[in-house]
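The following pair of complexes shares a single chain, chain A, combined with chain B in the former and chain C in the latter.
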Partner chain A sequence: MRLYQFGVIAGLVLLLEGLCLTGVIDKITMQPPHRILIDFFRLMTAGTLYPEIGKSLANVLLAFALAYVVGLVAGTALHGYRTLRETLDPLFATYYAIPVFAFYPLFIVIFGLGDGPQVLIGFLLGVVAVIVTTLNGLDRVPRVLRKTARIARLGPLETALKVTLPFCSPYLITAAKLALAYAFIGVIGSEFIMARSGMGYEISYAFLNFDNATMYPLILLILLLSIVLNGMLTHWEKVLLARRGLQ
Partner chain B sequence: MRGDERRSFRNAAVLVVGLLVLWQLMYWVVGDVAMRSPWQTIRYTVGFVQTDLFWTHFDSTLRAFGTALAIAVILGLLIGFALGLHRLSAEAMEPMLVALYSIPKVTLYPIILLAFGLGMSAKVAFGAIHGIIPVALFTLNAVRSTKPILVKTGRVLKLSPPMMVRWILFPSAVPETFTGLRVGFSLTLIGTVLGEMFAAQFGLGYLLMNAIGLYNVDVIMSVTFLLVVFAAGVNAILLAVDRRLHFRA
Partner chain C sequence: MTSAHVTLRGVTKRFPASGGGPPVHALGPVDLDIRQGEFFAIVGPSGCGKSTLLELIAGLLPATEGRIEFEGRPIGQEIPDGIGVVFQEDACFPWLTVRENVEFGLRKVALAAGERARRVNDAIAMMGLGDFARSHPAQLSGGMRQRVCIARTLVAEPRLLLLDEPFGALDQQTRLLMGDEVLRLWRQIGATVFLITHALDEAAMLADRIAVMSARPGRVIDLVETHWPRERDSRVVERADFGAVTSRLWKTLREESMKTMGRTPGAA
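Presenting the complex of A and B:
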């Protein structure tokens, strides 16, 4: 299976390389993959873009942390209130159909063009996924655990921290995965649309200047970062699920 | 079922009123500099949708979105069925599709722009790549999780592969696949608008970005409002159909 996956990726890269070298894809559109790799190492060793990369990653981290903490707390609190949860259900079901990026111009007008609107977009994209996943996990806590907590005379906060949340830890990792993916999409995406600095901004700047030697390595960096982080969390999630005999 | 529907209708109504109240409160906090109240927005929108300016851009977005959706659905279904029918391919490709699903596809837009040039086809391509993956993923899982007994029955009846797809796999995959179409619809719309916001000369996304430059708060509020209402409205309808399909299955 690994071999199959490796084969597909290697095949695609080789196909691109071939198409680029034979000129089917011209140089202005895309450079051959080996050239992108060389540019990537050049860019990483030069380090001129490190401040931009650092700034974007800091914003991604902030959006992720906010979405995760707020979502987790809101989800746990909401689990106790049946009516409120039912009322919010249509919102949760429709939320991801709404183009959140459409609010970006409004946020720029309200908060000014800076880090605020970008982090807010990343937060808004992620927070509902965290709430929904947390609720989903809490629904699966066996009643016997809640009863045990009651027998041990644990308060609501202690029950959540010591019994229910640890039980649904695989779900909490799923939530982290979603929040991280959305933080990336939100922050990089809004930098890309309109910003004064950051990785997304650098990509769009390089695009406007036909600077493929900067644009492709940066795109590669973002893709690698999000795939590697996502892969690590997925692995952790699988380990926890396996330990619970769920998969 | 009837009582259920009435309850969900009431919940939706409460929610809409709640969101309107929240909007009004935010307006009082932020003020006229950067926002409009719900009432002002709706009043402006009613006038705005009668202008030629709106229709030119709306038409452009709608055509791009429609084409992108058609491409996403057709390719997504084909990929989903092809992979779903082949066990090894399904197991190997699913994690890769999931990984593709989670990457920030915005970063791929410059590549698409370079490949397709600035204009309609770039928007369509960008919208379509957002929609293809969810449609393919849901279809793949739907086909793969067909009840073995149904497949065995088909084999006993000596159905040919196309007959198998037509009479067994497709009908049993309909509810899950429809969920994929619903998600694909939303993501294609998001992709199309996002593409317009970054680089386009027409479309609602362009109108939004242009309004920032002109500092036209009325247009920003109005276009955002229309997009949200459209997306939420269509999704609500699709969700109702989706629930009914799952309920029947």
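Presenting the complex of A and C:
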């Protein structure tokens, strides 16, 4: 992060601090940032919400891993089947107009009240983004690299693993970033609606009980996790692009 | 240097037309005998099927009709062992270092680790890339990247080296120097070389024999023997008879190129 970027964020936090302390934003609506930080460290050291945090993160990780692996394999397979891809293209193009959360009651009927429906929503939100991004990357593999793989007498699987997928690795990192974001949205969002545990449920419960000392630190935790994980992926993406002279 | 290393008999290629039209007759019939260890070049007007011919010999494309043999064995859809190809486009793998790119050429070659390392080191040194072995292709110039591709091809010690306009993207000075490099390598490895080029002087400078192709569908309409000594370099262009070779090539090619451009041969 550059100094000016840090300065903008620090400035916004200070502005929020000022607005909270002067009463422009009242205490019931929001705690000042310094108070959120104190509550955050209190919550983290107390450890009472660790099971909830652990459960949500495990589900996010599972939804992410499923969306990524299934999306990657499906995208790679679809790239070889033009007719099937053309058949599915309209679905991919309109997929994000479908409110997946609307199917939550149906998923509960099918999978019960456990973690299944939450993981499924996180998976469904992410998988198509991974498929589309994988296809996008594979479309950009130069024909000459495929010919080089054939001359080296590589089979289809080896060509995918050693040539085409490494070529589109920057796209695959973009796919990972999308899958991660959607996994967080899907799992935490689902916990808000009907779950009886997890970070989303705790935030929702704290909100309904005006418990800002729990709600804001949990929101901060989700923000920090998303930023750190995305930052790591972005850094990796930059390293790959730099090697190719694209940064 | 007399036995046929590659034989083409009645080789024809038609591509299916998009939109249900009649197939596009791209090439042939072509009959050729490429001798063991010779430097053979093909010139022809744009779109005459030169690259298609190379891809047919490499086994990258199936022929519609006819038969291609390499070392007496027919070439089908399988890539035959012993063939190396250098393409015009940059075919370096951008995520690999120079060394890893060169080593890629040995992926399907069973070798002991020591022999593998020796071959890779030799190929890198032969192409003058020793100081750049750990660099990525993005850090190299176009000419150096092409040398990486040549090193990757040579490391597998091909018996037939197919060059598809390998210097097409390079400036004239680098082309001449790369031509010298290729001649030196050709003598050193003893492989048969099949070069596709649109540059008449390049073909005349490098090749023992040059086939001139007609406008599409490409057929061989002239075969020119240069009679250059095997020990030669780019200074061959200074020879008095060099002009006669390029003149003959141009005379044949001019008419074909004009056909491609839709103009009447013989017109000023």
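Here, the second predicted complex is superposed on the first by the 245 of 247 C-alpha atoms of A that agree within 3 Å, B and C clash if a C-alpha of one lies under 4 Å from a C-alpha of the other, contacts with A are read in each partner's own complex, and residues count from 1 in each chain.
We adopt the following convention: a residue touches a chain if its C-beta (ideal position, glycine included) is under 8 Å from a C-beta of that chain, and two chains touch if they have at least 3 such contacts.
Bear in mind that the values here come from a model prediction, so they are computed numbers and not experimental data.
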| item | value |
| --- | --- |
| Fit-or-clash call for chain B and chain C when the two complexes are aligned on chain A | fit |
| Which of chain B and chain C A:Ala77 touches, first, second, both or neither | neither |
| Partner chain(s) touched by A:Pro142 [first = chain B, second = chain C, both, neither] | second |
| Touched partner set for A:Ser169, first chain B, second chain C, both or neither | second |
| First (chain B), second (chain C), both or neither touched by A:Ala102 | first |
| Which of chain B and chain C A:Leu62 touches, first, second, both or neither | neither |
| Which of chain B and chain C A:Leu16 touches, first, second, both or neither | neither |
| Touched chain A residues, chain B compared with chain C | B |
| Touching partner for A:Arg150 - first (chain B), second (chain C), both, neither | second |
| Minimum C-alpha separation between chain B and chain C after superposing on chain A, in Å | 10 |
| Chain C contact footprint on chain A (complex, rising order) | 142, 144-145, 147-148, 150-154, 162-163, 166-167, 169, 240, 243-246 |
| Chain B contact footprint on chain A (complex, rising order) | 1, 4-5, 8-9, 25, 28-30, 86-91, 93-94, 96-99, 101-106, 108-110, 177, 181, 184-185, 188-189, 192-194, 200, 203-204, 206-207, 215, 218-219, 222-223, 226-227, 230-231, 234 |
| Contact footprint of chain A on chain B as seen in their complex | 7-8, 11-12, 14-15, 18-19, 30, 33-35, 88-89, 91-93, 95-96, 99, 102-111, 113-115, 183, 185-186, 189-190, 193-194, 197-198, 205, 208-209, 211-212, 215, 217, 220-221, 223-224, 227-228, 231-232, 234-236, 239 |
| Chain C residues touching chain A - in the complex, by the definition given at the top | 55, 58, 60, 79, 81, 83-85, 87, 89-91, 93-95, 104-105, 107-108, 136-139 |
